[in-house]
Amino acid sequence: MASNVILLITLALSNFICISFAFDPRPLQDFCVADPPGNTTCKDPKAVTANDFSLSCLNRPTDPFNAYGITAVLDAAATVPGFNTLGLAFARLEYAPSGYVPPHIHPRSTEVIYVLEGAIEVGFVTTYPEYKYYSKVLNKGDLFIIPVGLLHSQRNVARTNSVTAAASNTQTPAFIFMPDSVFAAKPDINSHYLAGAFKLDEKTVKDLQTKSWYNRSAKTM
Amino acid sequence: MASNVILLITLALSNFICISFAFDPRPLQDFCVADPPGNTTCKDPKAVTANDFSLSCLNRPTDPFNAYGITAVLDAAATVPGFNTLGLAFARLEYAPSGYVPPHIHPRSTEVIYVLEGAIEVGFVTTYPEYKYYSKVLNKGDLFIIPVGLLHSQRNVARTNSVTAAASNTQTPAFIFMPDSVFAAKPDINSHYLAGAFKLDEKTVKDLQTKSWYNRSAKTM
Amino acid sequence: MASNVILLITLALSNFICISFAFDPRPLQDFCVADPPGNTTCKDPKAVTANDFSLSCLNRPTDPFNAYGITAVLDAAATVPGFNTLGLAFARLEYAPSGYVPPHIHPRSTEVIYVLEGAIEVGFVTTYPEYKYYSKVLNKGDLFIIPVGLLHSQRNVARTNSVTAAASNTQTPAFIFMPDSVFAAKPDINSHYLAGAFKLDEKTVKDLQTKSWYNRSAKTM
Amino acid sequence: MASNVILLITLALSNFICISFAFDPRPLQDFCVADPPGNTTCKDPKAVTANDFSLSCLNRPTDPFNAYGITAVLDAAATVPGFNTLGLAFARLEYAPSGYVPPHIHPRSTEVIYVLEGAIEVGFVTTYPEYKYYSKVLNKGDLFIIPVGLLHSQRNVARTNSVTAAASNTQTPAFIFMPDSVFAAKPDINSHYLAGAFKLDEKTVKDLQTKSWYNRSAKTM
Amino acid sequence: MASNVILLITLALSNFICISFAFDPRPLQDFCVADPPGNTTCKDPKAVTANDFSLSCLNRPTDPFNAYGITAVLDAAATVPGFNTLGLAFARLEYAPSGYVPPHIHPRSTEVIYVLEGAIEVGFVTTYPEYKYYSKVLNKGDLFIIPVGLLHSQRNVARTNSVTAAASNTQTPAFIFMPDSVFAAKPDINSHYLAGAFKLDEKTVKDLQTKSWYNRSAKTM
Amino acid sequence: MASNVILLITLALSNFICISFAFDPRPLQDFCVADPPGNTTCKDPKAVTANDFSLSCLNRPTDPFNAYGITAVLDAAATVPGFNTLGLAFARLEYAPSGYVPPHIHPRSTEVIYVLEGAIEVGFVTTYPEYKYYSKVLNKGDLFIIPVGLLHSQRNVARTNSVTAAASNTQTPAFIFMPDSVFAAKPDINSHYLAGAFKLDEKTVKDLQTKSWYNRSAKTM
């Protein structure tokens, strides 16, 4: 009988769930708490509590520093379900003395970085009319904005740990780390092609394709 | 067996309904009639009729005047399912001789008000660079526009009933009535805090928190 | 010396006015009253008055009925400068007993029609999966919604004048009247091509191309 | 028991599927392959392959020329599920020597046309301040852009077959063919009304309403 | 001669500056640094430096606490010109031991609040289906999100100063403080009307209309 | 006197050109032909001709193959002013037998690639939940879609020249070539930092920073 049930469900879905993208991009309700977290459907408002909009203890990260000297707590719909559909994400990063984040791109968001402790060098590269690198050392209390979609870099330039808060103007800004997405992509991108593009010999490229790159877990959105 | 069925449904849902928000905000079909009304999924187009896009007799409201001297018929996706996803809402309001709508805000829509009978004073307050109040008495045949997100007021200034038509450029403009959302919110907002913010004594605030405020039913969107 | 001045202006323009379309579609200010009306630049807020958001006497149109038995007052940024950038337009149409609006399309807006006097037949045609015509006779107090971009028709079916109010969810919905834009376009569209497309003989097409079509003045947005 | 199951499904749906339109129009994931094709829900990423983003042999259309001398292959989410949510559609059209596409409108997209073989006359009609027809003969290697929502025409002006590639900046641009949507709409639009609007006698209109018009199958999006 | 020059400028403006709102909301360039700060035109990219994207020493506010016990540094296009068009704003607020921000609304943005020092109670009120107040005490390291357009409150609940960082997902979120915009609006909103709406006697309303309310300077965006 | 003139211009600008970003993203007119090409202001419609929407002879590129074996003709607002504000760009690329385009990202657009001659291998890398490489060899008549913002690769795999047409759903998709934007950015990004990120020795990085990379002229948008 289960198959009949599945059939009914399938019919119901194909009839009822041809969700429409709307002509009108404004929200239809006050909020849509993700249920379960990470999903994009709405929790019954009666079951929503203030905790759905909150996260505690970002200042006490539970992960150790990764191989790049970074530990991050990222707050978006995946961890705080009340962020769902609201167009913001937030993160706290702690850098070991020599820690850095590899060059990367958020194709879907602008990012603002605010230094809570220590000193950070940040910079981004333009796309037009030239590859210009705008960079600056930020001290505690300083702030910098990374325009949407541009490649940027961040590294600790203090002798101590540094800490930053960062906000993105979308729920899932996407992370494209360089060179990770080039050399860590599986199956391998053609090594002869990459050797030409990167002006490296093919053996070096093949070697890079076997390495372990930046830790990109679910926590990095 | 029911639990198995629920399990199957849940699996089906998690596979099929991870709805994507699109890069492209344009609609994917001609319309998406809400099914059931108030929902955001689409009715099978074969079952759609012209009646799904229509509402009759707005000029004969069935509700009596509320305590503020207002009776309203509001036409949006909740009452006319064909409004779903199309980015418009419409309303007819009738005001008793001393009737008024409390100051309120539609954070998600611009509103245009057209006077069908009588005379109405309308006005809105800017946010920057100062709190400036722009107001005007409208007579029959006159029209006024309320910019999106600004606090506004409406009151009957005729000796007779007045009637207005109003259009909003979103399906669910949201209503934040002042002072209702401050004093009617449950659980109570801290009364000491409100007393400071409103420069009233705390006893007055506590008294206001027990009153019955503007009738905000499902009909008011 | 004038040419020097022009040069200076040109330089200034190329330096200063490379306006950017923003990543963020939300407005930057409370309103932007068009200055002059019809333009898209903002009037100095200090010179703005409540009258900039208002229009009077829509119920007393000054134009006589046109050849189709229609007289319209349309309220958008071109006539009420405060509509500029706010995403709404509003109109009052009066129909003589046999009056009608030819089939037309607003590619940029949804429209809601509310009957103030008389009786109107309205209808629209879908694009997919078939050309289905949804139509309805509306009496005084009835309302109908036309989904964005669909061809629609309106005609008076009362023995008396009829009157409608209409709202559109954009400032300039654009009007493409059929068959006007086909047969009134100048220079003429190839008549042999149109004869094939419309399954008429070429002589009839050429004759239609000389006729006077629906009065599409600035007032029709 | 089936009715109990349906009830459960309905409950589940009303709890889980109140999809929210988001404040933030950016995508939540890298892609959302339509599953099944034509639907707007996402295929499990683990089941996605490169073939979901590809279509082969557009240059060898399988349909014969239709009555207008056109054969088209259209690539959008309906045929290539990876197009879903990405905001692009693509088409290859082949024209017989006297082939043409009737005047039509895409209310939801701009279109660019590139001539691969032969010669095509293309043109569009503006809406404001006048019905101006901008047209041009394109030869092999030439390109033309049709602004969003404007009525446009395309006809082969070569003695041989012509071929064009076309791109639209939305997944489902919608096709409103003229005069098809006027005369092919069912049920019939009032013929007396159409006769007035088109300045034809009513008998001619009734005759046109019985004809077979441009072949608008699922393939034409 | 000056008048001729002005005439030339005016002509040039009407020809060149009829800025179009685009069909495509994506940015046309990497960034558009406001020039001058607060304006929306772009600085010549060759004159842009990294400092245009940065602000220093947010952690050392130069303003004393205002009458509500708040001192704020707000970073948006008005203070950091590189924020222009990028869809983010950022702020650092310091609260004296009994400091608070009155209930207010940002009609154009979601806000995330992160506690850097001390403890803050934050809360927001929903609009539908009821006025529900979701609130929470945040300690150092905790975070809370305020959905777009909802009325919210913030007050220091620590015995010491508290400090928060806040991000908004638009450049100018707009501030509507309650009750400021009601009682501070000039010219005065009709006091009889406000007395009814707030269930206060008219004398109290008139008294409130003479008070000095929350300090809303240019710094509060 | 020139300084007086400049002063007048500046005043005029600050009064007239405080362009507002609108609440409503729909276009205000049929088109906005860039004037001059590359600018975002509108040409006087009376001066617009069909040629403003057209480009000829894309199939006869005038540039020789660059060092990567590529010659491209790109059609966007910079070359065809009628593309301005319409949300599309188009390109024809010709590849020498061993030609390739380095891995790159368009943060602002989806791209569709259609093979006109020869055979091309294309592929893209996802960002979540893993760096997965989706690639395919396309032959003449085949098509592939690259989701917005993802890193992708293209290389000729035919023994002869290959030719592709490509469309992007924005006017200026932006090009971030890898590794160009990393190693060609000026001033140099810190070489020690890049050595760590790329797992290369610092000397190799410094050497790469002196090389000549992919030819990114104005023609590449």
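Lettered A, B, C, D, E and F in written order, each chain numbered from 1.
Everything that follows uses one rule, which is that a residue touches a chain if its C-beta (ideal position, glycine included) is under 8 Å from a C-beta of that chain, and two chains touch if they have at least 3 such contacts.
All figures in this text were calculated on a predicted structure; none of them were measured in a lab.
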**Request:** Taking each chain's centre as the mean of its C-alpha atoms, give the chain farthest from chain A.
**Result:** C
**Message:** Let me check something: if the centre of a chain is the mean of its CA atoms, which chain is farthest from chain D?
**Reply:** E
**Request:** Report the inter-chain centroid distance for chain E and chain F in whole angstrom, where each centroid is the mean of the CA atoms.
**Result:** 36
**Item:** Gap in Å, rounded to a whole number, between the CA centres of chain F and chain D
**Value:** 26
**Request:** Quick one: report the Å distance separating chain B from chain E, using the average Cα coordinate of each chain.
**Result:** 24
**Fill in**
Two or more other chains are touched by the chain C residues 1, 5, 9, 13, 16-30, 40-41, 85-87, 108, 110, 123, 127-129, 135, 148-150, 169-170, 172, 174
**Request:** Would you tell me which residues of chain A are touching chain F in their complex?
**Result:** 68, 100, 102-103, 105, 107-108, 121, 123, 125, 127-133, 135, 148-151, 153, 155, 172, 174-176, 178-182, 184-190, 193-194, 196-200, 204, 208, 211, 216, 218, 221
**chain D residues touching chain A - in the complex, by the definition given at the top** = 1-2, 5-6, 9, 13, 15-30, 39-41, 85
**Asked** For chain B, which residues are in contact with chain C within the complex?
**Response** 27, 29-31, 45, 48-51, 53-60, 75, 80, 82-83, 86-88, 90, 92, 110-112, 114, 116, 123, 126-129, 134-136, 138-148, 150, 165, 167, 169-170
